[in-house]
Amino acid sequence: MESEPIIRVRELSKRFGDFTAVDRITFDVARGEIFGFLGANGAGKTTAMRMLCGLSYPTSGSGTVAGFDIAREGELIKRHIGYMSQRFSLYDDLTVMENIRLYGGIYGLSRREILRRTAALLERLDFRAERHTRVGRLPLGWKQKLSFSVATLHRPQVVFLDEPTGGVDPVTRRQFWELIYEAAAEGTTLFVTTHYMDEAEYCSRVSIMVDGQIRALGAPAELKRHYGARTMDEVFRMLAREAKRTE
Amino acid sequence: MERAITAEGLTKRYGSLTALDSVSFAVERGELFGLIGPDGAGKSTLFRLLTTLLAPDAGHAEVDGFDTVKDYRAIRRRVGYMPGRFSLYPDLSVEENLDFFAALFGVRVRDNYDLIAPIYRQIEPFRTRRAGRLSGGMKQKLALCCALIHRPSVLFLDEPTTGVDAVSRNEFWEMLDDLRQRGITTLVSTPYMDEAERCDRIALINTARILGIDSPKGIVARFDEPLYALSGERMYDLLLAARQSPGIRECYTFGETHHLIAEGGFDPVAFLRSLDEKGFQRVALHPIRAGIEDVFMKLMHHGE
Amino acid sequence: MGGFLSFVKKETLHIVRDPRTMLIALLMPVVQILLFGFAISTEVNNVNVAVVAPRPSETIRQIAMRIGASSYLTFKGFIPASDIDRTLRAGDADAVVVFADDYDRRTADPASKPDGKPAVQLIMDASNTNTAAAGAGYLRQLLTNPEAFKAAPETRLLFNPQMKSAYNFVPGIMGLIFILICAILTSVSIVREKETGTMEVLLVSPVRPLRIILAKMIPYFTLSCLNLASILLLARYVLDVPMSGSVAGIVGMSLLYLALALALGLFISTIADTQVTALIISAILMLIPLIMLSGMVFPIENMPGILQAVSCIIPARWYIDAIRKLMIEGLPFADVLDDFFILAAMTAALIGVALKKFNDKLE
């Protein structure tokens, strides 16, 4: 690897009482990677992701995201990452422009800068005609693209995507992944969770969490070879079936 | 023998929005019938019409031989319904939930225990636990038990696998397969295309309309264009390069490969040569058979 | 019928397992009764009175002693006339009684009227109008010398001779609590099932929707009856409300009011889709008008005409009025028949509308 990893996690743990949600996980993510973060329900994905986003303190272990310490510099991390999930998205009762302006303001961009980036964004997404439409009236696929573009408006080095494509039609899902590819090609690092195992194949590398630990880590092709599986779905099922936790 | 479900020209509008546009299909007795489509396609509206929760604006439907509007009471006695979210009472225990749903249909749990036994046994160790504290997979199993407890003749499952991990999803489909072998007719909806193959027959549904109905094999046989899988290094660049090459109608990502729909006059050898000239290495291209997702996308484009 | 009973059981479990509901439902009535009965009191108790008397005669000293002896007034001592303003401003006294220097002479001979100046003057701190008005009243009574003014009217307070304000609040609290428990909790519990999706499953079952609703209401109705009993007992034995009227009348009136509240809850549940909406509708549509316009806090007779008209459509107005008559004035049931019929008509109308809306939703 030619440069410092953008995400660097060492022996990171999170315990709630006597329950260990995340159990000493260690991994690096390089700049420009699309990193798939997989795991069954209750394997500890969400807890781990919250720690990386500076929303939750680790019980032990350490980590840095974009050069900031996750335990001490949570506020700085929040300013330097993008975050998008199915739930946290755009305000339906604001127009496209109003949403963009709002998020630009939240991330402290200047008025001029917001205007400039808004114009570029509308151009790229071909949304100019819809800029005064309320987001609630847009088709789901459009909303998603807009949501991603808004999450990356402040040009974050890392973007966390929490199940960004749930329930979306196959065409829109692919268009969305092309946005992700495009962002990665421009040097942004993407950290993605998904329930679609075919999407795991799109990632540069994936990790699979079972019972709070990272049980497998590598490029999809490597993992398939290692486990003698045809698809990532098979790999995932082989590993997840060993889970002892029932939540 | 009459069919389990028939729907003819079912239409439902909410104001200016058409949620379901003249949908017709039929489900045979004992069939495991899948309704495959993304969110907002109209799946839940269709379920509400068939389970008598809504009345259609046009068209009509029968379930188990009864009209969904006129004989709704008869239908409510006969069907089992599991709506989108797991409809359990989180503050009641596993057992209390099951007892309650049994009482709702005027049956005793032990009378129909044989039907739910294979599923219920998996959650029985937790029977005193409150439903709200179960994992997603266990909630799903309990909800299925509750929907089955009165031995329904037709089972309606609206997106039972959404938000559940791949392992639980797989287990769930095994349970449905088991129920089919015991003669239960099931209408199940899902946004996951890969689950379509577990059904006897499927209807692809998008933006309020049915795109096609057939067996999973029959559906994929409808894909009549040459399809190739393309893979290599620098996948994203490869995708962009392929789209600019001649003789290619469409190229889209598909898991570890890209799928490429060729037009007449496509020359694979020339195509590979041109990629080589552009500096792509270890490129592989081979013809493949289409999957349900390929067909879905093709039919979606047709509709537009 | 087994289905129905298990419904009631399930609903009871929901209530029992939610500590917040239990707390609201069982503790709130007791706390409110005690709070209004003891802590919050609208009667004026300690009016501090200072006296200015250039020549404190025997008569004046006796009046001062009577001020000190009154349970409503507190004698704060004699002050010079120059200190009146400062004393009131500092809050050391709420009222100052100023005697003219020839007070004795003038009260002895009421006919004498030399310079038009009054013999005695009351100066009140009117920043709290209640205290001012009540204090002035007490003082006027005390200063009115029955020997000198034979024609002075005598005031007798009936029904609530000690002017204990807790009495007046008990009917108001009852009007509030039954709406809270029956209407709000019922509507929230119905809407919660809509939110979690269980309502759909219930509807796709052979049980009639009406039964589902009825089963939901029973536990809340029972809870309200428990509260009715505890309120009546507290009122009788802790607050010493005499309950001289018909207890059966009070109970009957309350049961009618409960039915109305349940219908109101059902109605709210048909127009709200989330628990939050149900709460907001309840607060705006019911609680605020109930507290402001039902006569619970502000007397209806003192409202502007338009608000008086609006108060007529608030069920609690009629209920509180009837309970006041029955509980405090001790009137027979025959005297609240008009309240009863108005409330009965409202209940019938609400049940009708709620059921129609509820059925329409199902199509």
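Which chain is which? They are A, B and C, in the order written, and residues in each are numbered from 1.
Following the convention adopted for this analysis, a residue touches a chain if its C-beta (ideal position, glycine included) is under 8 Å from a C-beta of that chain, and two chains touch if they have at least 3 such contacts.
Keep in mind the model is a prediction, meaning the values are calculated, not measured.
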Contact graph of the chains (line, ring, star, complete, other): line
Greatest separation from chain B - chain, by CA centre: C
Separation of chain A from chain B, taking each centre as the mean of its C-alpha atoms, in whole Å: 26
Chain B and chain C: spacing of chain centres that average the CA atoms, whole Å: 59
Chain A and chain C: spacing of chain centres that average the CA atoms, whole Å: 57
In the complex, chain B residues that touch chain A: 37-41, 126, 133-138, 162-168, 170, 191-194, 206, 235-237, 239, 252-256, 293, 296-297, 300-301
In the complex, chain C residues that touch chain B: 2-3, 5-7, 10, 13-14, 17-18, 196-198, 200-207, 362-363
Chain B partner contacts - residues on chain A that touch it in the complex: 39-42, 140, 166-172, 174, 177-178, 181-182, 184-185, 195-199, 201-202, 220-221, 231-233, 236-237, 240-241, 243, 246-247
Chain B to chain C touching residues, read off their complex: 48, 51-55, 73, 76-77, 79, 81-92, 96, 99-101, 103-106, 146-147
